[in-house]
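Next, two complexes with chain A in common: one pairs it with chain B, the other with chain C.
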Partner chain A sequence: MRSVAIRKIRPYLYLVPSLVFLAIFTYFPILYSLYLSFFKQNILHPQPVFAGLANYVDVFDEKLFFTVVKNTFFYAVTSIPVTMGLALVLAIFLNEKLGWVRNIYRVVAFYPTMIPMAAAGMLAVWLFNPGIGLVNFYLKKFFGVSTIEWLYDMKWALPAIVITSIWKNFGYFMLIYLAGLQNISGELYESADLEGCGFLQRLRYITLPLLRPTTMFVIIVGLISSFQVFDLVYTMTQGGPADSSNVIVYYIYQYAFRFWNIGHASALTVLFVSALLIFIVFLVRTVERRVHYEV
Partner chain B sequence: MNRKRLLSVLLIVVLSLSLASGAFAKGLVRITYYFPVGLAGPLATVMNEYVDEFNALHAEEIEVVPVYSGDYDPTMQKVQTAVQGGNPPDVFIVEISELPTLLAMDAIIPLNEFADEEYLADFFPAFLENSYTADGQFWGVPFQRSTPVFYWNKDHFREVGLDPDVPPTTWDEVAEFAQKLVVRDENNEVERWGVTISGGWNDWIFQGFARQNSSQLIDFVTKSITINSPEALEALEFWVHLTQELKVAPPHSTWSSTPPDFVAGRTSMLYHSTGVLTFMKESAGFDFGVGFMPANTTYGAEVGGGNLHIGKGIPRENQEAAWKLIEFLTTPEMAARWSRASGYVSTRVSSYDLPEMVAHTTEHPEYLVARNQLDYASGKMMTPIFQRVREIVKTALDEATAGKITPKAALDRAQDQTERLLRDWLD
Partner chain C sequence: MKSNVYSKSNSPNIFRKFLHWIRVTHAHIHLFLILLCGITIAPYLWALSTSLKHRVDVFTKTPQWIPNPLRLANYSEVFEMAPFGLYLINTMVVVTVILAFQLLTMTTAAYAFARLEFRGSNILFMFFIIQMMLPVHATILPNYLIVNKLGILNTRLALMMPFFATGYGTFLLRQTFRQIPKDFEDAAIIDGCSGLRFLYSVLIPMGKPTLVAQGLISVVTHWNDFFWPLVVSDSPNIRTLTIGLAMFVQQESGADWTLLMAATIFVTAPLMITFLIFQRKFIESFMSAVLKG
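The block that comes next holds the complex of A and B.
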């Protein structure tokens, strides 16, 4: 009797340490933000006063909020597909038998991922400098493109951040794809060879379908991380010029730690977390049905 | 068995160590000191050196623990978090416009009892303007202080037939010179800008332009907000004239990238802080000049930088120790040393008579420009929630220079947003 009870409880015991951490550092802050979002609290009113939904009304009252949401979507929609495509193509090539060259290429492609985000941001600031940056130098030399003002320009600041994030992240996605590729049984390719399949047919009928779980994972991770983009914005543009590269998390940061309007920042956080949650549930429900997990 | 013994030994060691340090700390006042430096790296080392010297002078009596806290923004965030957590730093430097926010948070103590008239009389008056409230209370001691100045590339001046030793002195001349200096390629794209008004802190430079037009944006003491005054509007129209009509100035830029732009010859004239003068001298491979920001109705500039404050709610002996540190850091000798190491303006009038300072400024007269400009300078605008006000003003400036909105609409909107944000303070 007792041993059965212990066996039932045991897995939960093992989960306790991580649950405690999650509770303290994730669930409690989320609930506390929800609580704070109903109070007015800022520098002029250091003592919180109950305000009902006033903070939420303020959020939607500010035009900038919609600009920030739009910018965040722009970032996600442009950076994820390109990063994934690049990562997939590279992973497929680097999975071929290329001898020692393969290892060098893997290191080269993965290298940007290992650079700390803040350092990458500072590096990008110099690369994108309109006057002395390498990006403009090569664009001019090879394509005859005349000077783009990049981070100085309301049209180009956000694309510059997107490009930097692609360069920074594709190595990580490539690694995940490589792992996915190595899970695909070699027997499948052998029989495909026997049937006389070419490279493209193998790609179309074996590789891509069997990579779907990996793709699903990459999409979810990519979406979450791109909705949370902060470091590159902080180091490269501080949201400027004129908020043309401001994104949700940076906007929340501004309200919380620069304007010290805790109520407003909490309302933003609650909206953001809820939106993210709904989005992920929706994604998992619709896409997961079409994913085969068994090989 | 073995492990238990190890544990108990460790426990004893820890206990005795903490007892020992407790005994040692008797009679020794330990204070924390948060400081930002605008330019990371070397200046933080200089500051640590000063603190070491202070600690050596007061061995067994005071120990200052210096905390390099990054840029101005992160420093203010650290101070705010520490104050809200009930554990304020004893002494700290933040950006001068943060004073009203510090007061609203009840984070600092007035320093009238420490600072006597004679001590204060030796500071440049413009630097003291951000230290007082209307009731005459004195809250912060000037430390790392600057004003924006005007840089010009003498080689470029020679190249287009301008006298390299005569910079523009009026707004009209800025526009006229910039048109001569700008260089465009075959597609009519700009390769070299005539003039650059540095972004990032362009709200600060814009305040200087309002001063040059005999106006100002915000008066803290009288609580008046005049961001959309006709004088300020004329200033912004001038910026839009340079960026959109003449296209001789970039509509936007960032604070950290324009000094390298100037050094690389990508712009011929530059508005930036005097704080980058040392960088320019070390990096520019050409002759350049430093002058007053050109005038419209008058010369004008707003001071910038950071002041030293003492935290509230700390023990009395900590406050006294903190004041000793402040006194040590602001003697004419130290002010002169810090000025030479950093390029900031020395805050003490008499420091410029010290032999080493005379030698320094005779050899490099450029370092005197910002000091001389102080005759035309005034306090920096400040309000509670200043960071938000800054964002409002910067967005108005950036959208106007991008041609997305008329200068009038931009400033009217900024005025309205600021009034609504601060309505509780204004009443």
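The block that comes next holds the complex of A and C.
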């Protein structure tokens, strides 16, 4: 009898190490955020006072919140498509037989992945320096563009962050596409040839549909990471000038660790996590409905 | 030649035909790639060049790519101004301990999910998947409060503990363990080798490529981590490289680019050099992690 009991418990014992840490640092924090979001607690009132939904009302009362959401969306919708497009083209090219240099291309495209975001931010601050930065120099030399103030200009600060993130991420996305291209079997194209399919038909009916799961994966990874952009904003602009490059996570950071307004920051966190999860579930559902080709 | 997943190009010939169709030859592709790679590599080379210059040479009218005269003293100056050696040690400790714990937690959990039948396994597995999707940055504030309550704020333990379990790693490893045929298990059981011993002597050796891949990804991720260490490390004694760099910038307030770039290069160098040496392994690992996902 004893051995049966042990056999029944054993699987759970193997999960305990993981579950302990996941419970303390992942599941509990989410619930804890939810709990804290119903209390007013800040530097003036260190003792939490129940406040109902007041924190949530406060969130929407602030104009800056909408600016920050808009900036985050701007960041996502500009950086993801460009990064993806670049990555896809690069992956298709690198899937060609290009000889030994192919490896060099791949290493050069991928190396930014190894650089910490914070360090990438530092490099960018130096390159985007209006006076002696490399970017302005070559823009002027090759395109005759007059000096852009980049990180000091409300119009250009966020685009500079977007450009930096594209440089930092496209190599990683390229690798995902390379992996996806390898999954497509050559036989499909051969049978398409037998059927007498033209080039565009094959692109339309084989390559693109079969790359769709990869593309969806890239979009989801891209969305999760771009909604969380923080390191670049912290090191490059601190959200400035005049909050023109402030984004959701940085905004939460300000409320939590600069103003010590725990209640407000928690309400923001709850809204942020729910929005992101709903978004992801919606995306995954859409993909599942549309991808029938997968074997 | 070592065999690897990507060395043989099974590029569907459709692309070749497409490229031919719009009259793109390999020469065009090379041209495009060289241009793109040139733009990609420029920032790092420029930083390296800046870090080896005299301060006045930064202000030349046209960019001076090759430092003349060369000045290595920037690096020793950076070391005098901030304890970057200590930051390096801290980072290595943090990364290693996280990896050790992750290997322990994910192998046992992946084994249970892949090989054992038990009630609620699907629901429990969902919990691991959820962790994969949850934005890590969202749990920073509550985790800060928790770490504070546990009394370990401002310790190395606080830097590491939240990452001891990994949903993603468990997921990848489960996929790998599941692909190992049942015959192996039966044979092992006949040899009187089951449970943890089976895990240790059969599954782990066979899942080694996945473990290496997940290990590399974990090291890169936590070497580069920023937000969490920024929040929990107040004292210079436990700071990691990325935080050390950010604090150095504030201390310097952007005055001397040669020093700032020397610090930046130093912070990125260990991982970059390792990557250049083992680039095949790195790229293979990152790619295999995607393929299984």
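Here is the rule we go by: the second predicted complex is superposed on the first by the 253 of 295 C-alpha atoms of A that agree within 3 Å, B and C clash if a C-alpha of one lies under 4 Å from a C-alpha of the other, contacts with A are read in each partner's own complex, and residues count from 1 in each chain.
One rule holds in what follows: contacts are C-beta pairs under 8 Å (C-beta built on N, C-alpha and C of every residue); 3 or more make two chains touch, one makes a residue touch a chain.
Predicted model, so just to flag it, every value in this text is computed and none were measured.
Shared-chain residue A:Pro48: touches no atom of chain B or chain C. Among chain B and chain C, the chain that touches a larger number of residues in chain A is C.
When the two complexes are overlaid on their common chain A, residue A:Pro11 makes contact with chain C while staying clear of chain B.
In the superposition on chain A, contact is made by A:Ile132 with both chain B and chain C. Touch criterion met: A:Ile30 reaches chain C, while chain B stays clear of it. In the superposition on chain A, A:Ile92 makes contact with chain C only, not with chain B. Using the contact criterion defined above for the overlaid structures, shared-chain residue A:Met154 touches chain B, although it does not reach chain C.
In the superposed pair of complexes, A:Phe257 makes contact with chain B and with chain C alike.
Common to the chain B-facing and chain C-facing surfaces of chain A are residues 125, 129, 132, 257. Note for the complex: chain A touches chain C at residues 8, 10-12, 14-15, 17-22, 24-30, 32-33, 36, 86, 90, 92-98, 101, 103-119, 122-127, 129, 132, 134, 137, 167, 171-172, 175-176, 178-179, 181-186, 188-189, 199, 202-203, 206-207, 217, 224, 227-228, 230-231, 234-235, 249, 252-253, 256-257, 262, 265-266, 269, 272-273, 276-277, 280.
Within the complex formed with chain A, the chain B residues making contact are 73, 77, 80, 101, 104-106, 185, 187, 189-191, 199-200, 250-254, 256-257, 260-261, 264, 266-267, 384-385, 387-388, 391, 394-395, 398-399, 402, 404, 422, 424-425. Residues 42-46, 125, 129-132, 146-147, 149, 151-154, 237-238, 240-243, 254, 257-261 of chain A are the ones touching chain B in the complex.
Against chain A, in their complex, chain C makes its touches with residues 5-6, 9-19, 21, 26, 29-30, 32-33, 36-37, 40-44, 46-47, 50, 58-59, 62-63, 101, 104-106, 108-109, 111-112, 116-118, 121, 124, 127-128, 130-131, 133-146, 161-165, 167, 170, 195, 220, 223-227, 230-231, 241-243, 245-246, 249, 254, 257, 260-261, 264, 267-268, 271-272, 275-276, 279, 282-283, 286-288, 290-291, 293.
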